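In what follows, structures are represented as structure tokens.
Both complexes below contain subunit A, partnered by subunit B and then by subunit C.
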Partner chain A sequence: MGKHVLLADDDQLLASLLNFRLKKGGYEVHHSSNGREVKEYLTKQRPDIIVSDIMMPYFSGIELIDFVRNDLKLSTPIIIISSAGNEQNVLSAFELGANDFITKPVSPTELLVRVARELNK
Partner chain B sequence: MLTPPKQIIYPLIKAPEFNAEFLGWLTVVFLVLAVMYFLGTFLIRNKLGSQGALTKDKKMEFSPMISEFLFYEDSNTKEEKKTYLNLKVQIRESIKNNFDRNVLTEVLLDLRKDLSGQSQDVLMALYKDLGLHITAYDKLSSRRWQIISSGILELTAMEVHEGYTLIIKFINHRQSTIRKQAERAVVSLKEEGICYFLDNTKYRISEWQQLKLLDILRHKSDFVPPQFSLWLTSTNVDVVLFSLRLIKYFKQNNAEKSIITLLKHKKKVIQLEAIDCIKEFYFINAIPTLKLVYPKAGNDVKIAILDAIGEIGTKNELPFLQHWHSKERNFNIKSKVIGTINKIDPESILPTSNIKKTTFFTSDIEEDIEPTIIVQQEEEIEQLATQLDETEQVNKPVELISEEKEFFEHEELTIPEVKDVEEITPETHDMDEEILVLDDLMPMETVGNELTEMDNQLIDLPQENTEEPIEDLKENIETELVLDFLPLVIDEPQEEPVLLNEGIDEPDFDFALEDSPLQQEELTVQQVMNKSLLDFKEIDWVALTEDVSELPMQETTDAIVFNNTSRANVLSLSADFLDDEELETMVLLENIADMGDNRELPVLQNILNNSASTIIVDRANELIQKFSYEMPRPAELFAPDNALSESVFAEIFHLSDIETQFILLDEIKKIGDEKEMALLQSLINGNNEALAKKAKEVLQVVTDNLAKTEKRGDDEMENNLFQLDFELELESATKSNSANSLKEGGSTLFDHLCAMSSSFYTKKNG
Partner chain C sequence: MSISKTKDLIGQLSNLERAVSEFSFEELSADDAKELQLSFNSFRNSIEHHIYTPKTGKKTNGSVIKNKEKEEIEKKLLNQNQFIAHVSHEIRTPLNSIIGFANLLKEENLNESQDKKVQAIQFASTSLLKIINEVLEYSKISSGNINFETIDFNLSSLINDVMFLCQTLMLDNNIKMIVDVDDDVPSNIKGDPTKLSQVLLNLLGNSIKFINKGFIKLSVSVKKEHKDHHELKFTVTDTGIGISKEKLKKVFKRYAQAEEDTAIKYGGTGLGLSITKEIVEKQKGSITIESKEGKGTIISFTIPYAVGNAKNIPLNLIESSNIENGKKLLAGTEILVFEDNLMNQHLIKEQLMKWDCKVHTHVNLNKGLAVLANKKIDLVLMDLKMPNINGFEMSNAIRQHKNAQINTVPIVAFSADFTEQDSKDCKDIGINDFLLKPYTLNELMTVILNNKREKTKRTTIKKMLEKQMIEPKETTKVDLNNLLSDCFGELDMLNELVKLFKLNALEFIGNVKMHLKTENLQEIALSAHKLKAGFAMLKANGMRQLIVDLEANSKAGNLEKVKNLYQMFLLDYPRLEENIDYHLTILNKK
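Take a look at the complex of A and B:
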């Protein structure tokens, strides 16, 4: 049974593509399209890794990191997907405890490698 | 009914008559229109909503298919390969439908933006493989500009190079959106696209478009830029401008002449860009053209030219810049000219605005020194004349006069700063003429001139005296005083003169003149020194000119004292060396004279007995006499004018801070007596209100205490009347002992201090 990945992204097309790639890479993927869903899911489930877009409705990626690190007190690896040039958000994410980040346009293969690396740490 | 005469009756204004039926129909029409509007809006909204939902569903339907295509690998299992083939057939069927084809195109374009790397390449290959670019070609032939634009965008995004030939015809399209889209597509799709674009474009190229095109070129992999200087001859100004920018960006510095020629372009933007290029590529050959263009250029261009000259220019450009510095009226340009001059030749133009004149800082010194020196000079001349008059020294020995002359000459030599600046020629002092004309030196020069004049007169005086009657001396002096300053010319190096200011460093001419502020400081210091040098009050010229041994003892002593007190200004008229032992003894005697008191009398007596030198004996005798005379008498010791009669608190009080002063006042309150009255009274009269209040309070307490003590003393006197004899005898014996001890020489400074501390201790401890 593969590792459990929580994929949080409101872009259905990209999420579908990444979902497909991660599943093909041997991971179990749960996709949530907004922050509220992510929050609900995290109160019930404990994924092995979280891949989250920064810009999401209801609950941004930054808030998600804060929620995971400070409220749930989880050390689950978090990889952030952000737009290129959004340096401030990336820095904030790292300050709050993100483990890695990847910029759009995303290379699905690169994401797969990063997820594997974080899980193997 | 009576009506007033001449009353005018106006009929009522009637409302227009409306056809009620017509009004009803009109209402119905508007209602129908409103309903139709809302219905139409509702229907359109629903249609768009349903279409959006359908599109979304279709996208979600296509998404796994595209994912399968994107991540298909040859290593997939047979099952996966079979699925892949089925999906390909399915998708080909789907795109036969226009809606599905549009949705699929939309999905691929969206993913094109979100994906990178190999997935992106596969996506573009899929776009072509599914034949979607054919649809894009069809769009190019549409009559609607937005469809043409979307077609060009699709082909550009999916990098369909085959579409290049179809797109280039839109480069000069009248619709700006299509034109701009076509320009980007042409530059993006093929490497030679930029050349075609620059060759053929006839329209303006906006700044934003230039940035976008530059961005495309910047990100093009393996892009070999053409020689953009080829388009500097274009008739399209924007092409020339864009070419200049591309030349600068791609560092193509082989178009020097063209760029220099463009300095004369009619358009300001071209001129500015050309200047930027010249600065970037350091085209020093452009400097003459820059200077040529400058006078008739606009302000922006002038500033750019000055900036370029500052960057690539040399000191040869300084005359040009200085010319425009004096001629330019515009503040910004004038500032830039100054900046450029200082950039080429640093600090050639110094700040002048809001700078105080040097006289502001030196005026106080002048006021202090100048009058004093003049008064002293006059006094010295008077004194000298009087002395000569009194002693009838008209026939003074020539040697002495020459010595005096030497003295003054030397004094003149040791104050070079007082010379007029104009007289210090470069030949003699290697000075910089530019520095000499600095206005800042002028105030000090004035002082210097006056000093020099006076000194010159003094130098001339003895020579006059040897030949003229003494009665004419004063007149001569007055006459000489109004003479202008004559420079002191020294033809030959003089023998080592007797230095009046021995030990004082010779001033450094060059150093002083190289740096005017330093020179002024040096001048100031020198003037102060000169002031002391010219202070001859202590010099007894009579004593100096006569044989020392013939003078009375007091005069001899004075002469020796002069030699000691003005050691820095020693004037040695003859060689009179002491041996080492005598010298040490003399030093000891002088130290005793400075710091000793009557306790040193035995030492002095010892020196007197052991020494054979006349000078030492005389000096020792003098000191013995002095200290014997100064031995304190008991009566004087506690005299009202003696320090010991003052409060022991006084000295420490004046050295203390406010807080300590309050503490001391508390102590005075406890142990003070009548000695503290004066101190307290001075505090009451002082400026500090808090201290005055406290002092007043303390004074009151002390006065009360004194009154009580006096009363108690009277009572004790009354009560112990018969026991007084013994006590009085004891006290008188103690006092007499104390007096005897004082008489025997025990009342030294140390004794005084001990007495003070004992008194203070006694007071403090009751």
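Take a look at the complex of A and C:
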């Protein structure tokens, strides 16, 4: 069984590509396009790693980190996808306990390397 | 969320649902229609989830000490406001898609009944958006006060919209809908049009729900004329089932438990008369009701309105009268149409004849030339890509003709796609302007007005050409190789991604169009932001830059610049998509 990735991104296009590549890379992927779903999912499932866009409807990536670290008290690695020019958000993400970030436009190959690195730490 | 707001939402949602389901999607195979339906379903699920899922939050316990109680109430309020903000955001996103797709759908070649239905969808979804925006506003002030606008608006067009929506709600065609507006009622007034249509929709909606024979009548009169305002009286009379004496006493009672149940049970427009009363009274008005069980109900309300000025009404609100003006300018214009598809021929003829134009349609060059020689034709509309005839050659033959009356006739080309080569060819031949299908009636009217013979002189033809015909551009370039290698060379995946991309672009076009109407630059910036990643994936760097500029200008509040960039996008995007398809075909063949 491959490691389990939770992919949270409301951009269907990017999410489809990443989903495809992660699955090709041998991961099991659960994709969710809004924060509320992500929250519900996390109360039932324990993914090995979370990849999340910072801008999402209902529940932002920042709130997600806060939820995982402070409410669920989990140390699951979290990689944040951010847009260029959103440095302030990335800083907040790190302060709250994000492990890594990747800037849009996202290279799927780079993301896979980062995911593997977090999981092997 | 306050009870009244929830009811507002449910009421308007039912209006929209009715309008969407009224629209027969089988009638129309357009992708837009399917998208619209999908958007609506996801929208409804999301809103129902929020309205019917009980909110968490415990009741305050009377025995706790005051401080703690206060703290808890504050926390609850905060939670509630956050909740409202979240809900509004989440509802607005799919609703924007509904409105966007409805706008796109409106531009398809719809028949009259389809067109009216789409109009109903537009009206209902826009009303709903307004309320949701209000809820957001409401959560900010959280004081329970409703904000009222004071803007100029056209009363009869508002009544037309409301009545049309009511017609679509009416299941029984035997019931007459009557409108009677007194002559001395000013046509433009100043106040809150959204609230007025809400009140009218609620009252008429109630009548529709409880009627099975007879008529429903809306009358408007001036109750009293003051120096600076008119007190307008609106009366809704119906021959419905009426209300019993005991219930009549209660109908205006605020937040009566029984009514809440009714609103939820009946759904519909049943927004409770108490809320209607509140809205009327907040505008310094009053409302009265008379009813006899089994006979019918008369509800009257008065609201004071200052006389409005048509000059202050935004263009899109008086679009119909713009078309009226255009009609006057177009009347008598003789147009020769080259189009070989009978359906299209029929359609364009219908459209032009509605504007009192004289229309000749031909598919044969010699017959067309004869018409040009014998009649004073003001404009030629030429379909460029007809299956059996070449529109370019026809245009060329017209321009090369020895007869000056023939070779000077303005030619407007129309086509569903327009490549860079086409644009060059048009320029070389001397075609004056072009129209991209699908076009709106407004666009058709504008292009004819701009080009028809009296107005066009040779110099302006030249200028027009320089302005309209665009050289090959950076903004239409794409490169799919990178994305294909990201897909490990799997074409199925690439095709899937391209499909998603096109859908996003379509949604973007609809969204921006809508938000330009309300000049909501913030939403435009957000839409642009979302599209950026897609263009980056397709290595459409020129177009990506345009979108980056569009986002930046939206954020900076440069409305004119945003409009220009959007126009450029509309012009180039079809060619970009053509390039995508071209690349895909080549890759698929390999």
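Throughout what follows, the second predicted complex is superposed on the first by the 121 of 121 C-alpha atoms of A that agree within 3 Å, B and C clash if a C-alpha of one lies under 4 Å from a C-alpha of the other, contacts with A are read in each partner's own complex, and residues count from 1 in each chain.
By our rule, a contact is a pair of C-beta atoms (placed from the backbone, for glycine too) under 8 Å apart; a residue touches a chain by one contact, two chains touch by 3 or more.
As the structure is a prediction and not an experimental result, all values here were calculated from the model.
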Touching partner for A:D11 - first (subunit B), second (subunit C), both, neither: both
Between subunit B (first) and subunit C (second), which does A:S83 come into contact with in this model arrangement: first, second, both, or neither? second
Please name the chain, subunit B or subunit C, that touches the greater number of residues in subunit A. C
Classify the contacts of A:N34 with the two partner chains as first (subunit B alone), second (subunit C alone), both, or neither. second
Should A:Y58 be classified as contacting the first partner (subunit B), the second (subunit C), both, or neither? second
A:T109 contacts which: subunit B (first), subunit C (second), both, neither? both
Now for A:D71: first (subunit B), second (subunit C), both, or neither, which partner does it touch? neither
Check the residue A:F20 against both partner chains and state whether it touches subunit B (first), subunit C (second), both, or neither. both
Contacts of subunit A common to subunit B and subunit C in the A-superposed view 11-14, 16-17, 20-21, 24, 104-109
In the complex, subunit A touches subunit C at residues 11-14, 16-17, 20-21, 24, 34, 36, 57-59, 83, 104-109
Complex contact set, residues of subunit C against subunit A: 86, 89-90, 93, 483, 486-488, 493, 496-497, 500-501, 504, 529-530, 532-534, 536-537
Parts of subunit B lying in touch with subunit A, wherever the complex brings them together: 56, 59-60, 63-64, 66-68, 70-71, 107, 110-111, 113-120
Which residues of subunit A touch subunit B in their complex? 11-14, 16-17, 20-21, 24, 104-110
